[in-house]
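Labels for the chains are A, B and C, by order of writing; each one numbers its residues from 1.
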Amino acid sequence: MAYRRPPTKAQLRRQRMEALVNYPLDWLEERSGLVGGVRYFLFRKVPGDVNWMQTLGSAALTAFIVQAVTGVILAMYYKPTPNEAYRSIQNITDHVTLGWLVRGMHRWGASVFIILMFLHMGRVFLFGAYKYPRELNWIVGVLILVLGMMEGFTGYLLPWDQTAYWATVVGINLNGTAPFLGPFIAQFLRAGQEIGADTLTRFYSLHMMLIPGGIIALIGLHLYLVVRLGVTSPPWSKEAAGMALADEEPQPLRPGLTRPVPRGIAAARPEAGGSK
Amino acid sequence: MAAAPQRHAGVKPSRLEEARAQFARYKEDVKERGKPFYPYAMFHDTVMSLVVVSVIVGLAAIWKWTSYGPHHDGTHQGLLGPEYTAPADPGTTSFVPRPDWYFYFLFYLLRIFKWPESVFLGTVGVPTICLILLFALPFIDVRRERRLLHRPVAVVAAALTILSMAVLTWKGATAKEALASEVIADVPNWVKAEKLPQNAVPGARLFATAGCTACHTYLGTGSSNLGAPDLTQIGTRNLGIDFQIRHLKCPSCVVPGSPMPKFESLGEERLRQLAIFLEASKGKQ
Amino acid sequence: MEPAGPGQHESPPEPSHDEPHLPAPTLWPLGFAIGIVVVLVGLVVNPEIVSPIGGAIAIVFGFLWARAATAELRGHAVVVEPERRELRETEAGEVGAALGEEAGAPPARGERFPRSRFLEGATLGLGGLIGGIVTLPVAGFAVLPPFLGQRRHEVDLGPISDFPEGSWFIATFLTDPAEGEVSRRTAFVRNNGVFNNQPSFTIISNRCAHLGCPVQANGPTGAILGKKTITEHTKNGVVKLEPVVPAGFGCPCHGGQYDTEGNRTAGPPVRALDRYAFEIRNGRLILLGTYSVSHVDGTGAQARIHKYKLAGPGEHVDGPEQWLYPLNPPHQ
């Protein structure tokens, strides 16, 4: 071992400071491994050519978080009974400090969330990012979209104004026209044969707990699959990761990009590259 | 180097094998040439999220400030609609229900399926088929190809989907009902535009309130969803007041096969007023 | 790797399983806790005598505890029993618990049903049982009430003298005043006069047969006709009767149109408008409940109404499409 100059006082102080800062992180890492997990999530490699369109998924997640936060706060003031609901919405909108802002964010955040999910889905379609091995993640994504629409439907009733009430009447009766099971689904949603107090609390519970719980779980699964399977390159990118363009490009850019013979099946790299 | 299993010349690897090889290549490429998610990609994500949050807060603010003022409450129609409408009234006879904008396509789909036999196609049939197609997409399109110009079917299907959704949403947003309370406000305009004589005005009011505009249009007012003729210049056909009254009483007796309902219940006096109005309608003067 | 520090050559390559332990637990804290308990009990029972005794116990044991805890610091040697653990003898051919999937001991010769298999089955079975115990009542709670004990309320619309023969009214009423505004409903009512010595009424629900939107009367109403709305106070609260001269009924949602008997004339409705069954009791018009109608032949008192059990909006009650809805949840 080479001779090392003893550390200066400043260096020692710096080391001690670092140790102090790192101590809680090390403590957490030793007991949970969470720090390593976050580190893996943050520093995992993504293709070098990812572009702005690929931010739509995280943007949708942001919109969902806005919905969750504002929703919890609205629940502090909202009263889910037919006699109180409308007045509590008036109260939130007109009297509670910044109530208009929180309710407005929740109402418009819902639209933004839905739009972003559709845009994100369009991006995935455009990139062909639902193909092997990401089929399952597409299905999970569609499930999140469906649950998001259900959130929109159940939340729409809660202000208990004319628009809300009649949109819900039609929505429930839509389900009622499904062959065979429809009338039962409608009566289940309505909590009886007519819309009443139980309908409102039922929608409130679905909107607040069951559906958001499902969405959160599915977002977790969605993200896990994204991390596990990686992010796709734009298909038009010249250096798209994993592209095999043998038939299209006579001049190979580099052996790895244009090899016609897939790696796992054919002989090892150099030989295969030479003999087409 | 260890000898990998040699592929026989002329034998194509299966689709799954190719896909697996490509994914292996993808992972290798990312490992070699990729960049860490943080901070490169995450920076873009963060900027985008900031835009999203700003848009949400901005919409909330516009909603509030354009629908709220010293003299009105949250039911005032601002740029983005009222903050709340009147309280729910299950017994209403004047309200026109409309869904939130992202259900407009479904709303208009229901109007398209206007035959009783086809109702469940619009309510559950078409949406269910669309949903199944959406779920099944990765198993319908199993080719490895991702470049747009090499996926003509997918691109055309996507374009058509977006186009039809846009058209349905637009039609749903602009779909109008011809309700007595709304149409009656147009009567003075009719009188002015068609230079209607004074004795035709009671008939015009009746025309506006009796549901005629549920099927017919008059100077652009009314619903043409059901395909009944435009009555803006019905008077130019000079059918005569007696004919008009007979026709209103029992349309199918005068014009065999006419789907128009009978308006006998309005009574002779009111039917005469209607007939005078119709005969006086000679188009825009 | 650099060679480790001194002591490396002393320890055998096989790691020893006797490791020095921390100081052995003492019983002093237990005595201290008892003392505190006695103090607390004494506060309730007898603060003068019992509490001081408890305090004394706590102080004595606390002192002993502190003494024992600081023994090491004060230089006294602490005798610690090393903990010993026998190394597990693994026989050749047997898979250790930590290595294999089959964690249980290998089945004894001749044993039909290995213990691991039993545990597996028992775990799954018990788990399923727990799931069932929790899920079934909860699911039943969520699903069954909407289908049980549904009933309809009678509505008193006031004396029939309010309804002149041949005139239409838009009647608005509460079906269940206890439930409040949410039970408000609207019906179109016409007195058809007396038929076979029985008063005849046409009472049409304003729920659209397409998807349940509020159907409106196509025709001039009270204000335009110059007639006043009648207000009756009945046991159902305020009932409003607004005069109207309808040429038919129209739906504001998807363009369904009906004639004055409630027959569909245009648009998507799958059947005629629902009607209310009624009864005349002591000269008052009582609504009993709604039923569905496929179509009506004739008009007014002579009408032949093709009645069906109440169905939801959008459900066909006749024709081949009725087989799409073979079962209906219990109503009324």
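Assume a residue touches a chain if its C-beta (ideal position, glycine included) is under 8 Å from a C-beta of that chain, and two chains touch if they have at least 3 such contacts.
All of these numbers come straight from a predicted model, not from anything done at the bench.
Asks: If you count the contact pairs for each chain pair, which pair has the most?
Replies: The chain pair with the largest number of C-beta contacts is A-B.
Asks: In terms of CA centroid distance, which chain is the most far removed from chain C?
Replies: So the chain farthest away from chain C turns out to be B.
Asks: For chain A and chain C, what's the span in angstrom between their mean Cα positions?
Replies: 27
Asks: What whole-number Å value describes the gap between the mean CA coordinates of chain B and chain C?
Replies: Distance between chain centres, rounded to whole Å: 34 Å.
Asks: Residues of chain C touching 2+ other chains?
Replies: Only 181-183, 211, 213-214, 253, 314, 324 qualify.
Asks: For chain B, which residues are shared contacts with two or more other chains?
Replies: Answer for chain B, listing residues that touch two or more other chains: 87-90, 92, 95, 97, 110, 119-120, 123.
Asks: So which stretches of chain A touch two or more other chains?
Replies: As it turns out, chain A has residues touching two or more other chains at 82, 166, 169-170, 174, 177, 179, 182, 195.
Asks: Using the touch definition up top, name the residues of chain A that touch chain C in the complex.
Replies: The touching residues are 1, 82-83, 166, 169-170, 172-174, 176-177, 179-180, 182-184, 186-188, 190-198.
Asks: Which part of chain B faces chain C closely enough to touch in the complex?
Replies: Residue positions touching the partner: 87-97, 107, 110-111, 113-120, 122-123, 177, 179-180, 205-206, 209-212, 214-215, 223, 225-226, 259-263, 265-267, 270.
Asks: In their complex, what parts of chain B are in touch with chain A?
Replies: The contact residues of chain B facing chain A are 1-7, 13, 16-38, 40-42, 44-45, 47-49, 51-53, 55-57, 59-61, 63-64, 68, 73-74, 80, 83-90, 92, 95, 97-103, 106, 110, 119-120, 123-124, 131, 134-135, 137-139, 141-148, 151, 154, 158, 162.
Asks: Enumerate the contact residues on chain C facing chain B in the complex.
Replies: Spelled out, the residues of chain C in touch with chain B are 168, 170, 172-173, 181-186, 206, 210-211, 213-214, 216-221, 224, 245-250, 252-255, 257, 259-260, 264-271, 314, 316, 321, 324.
Asks: Please name which positions on chain C make contact with chain A in the complex.
Replies: 2, 143, 145-147, 150, 175, 179-183, 211-214, 253, 311-315, 324-329, 331-332
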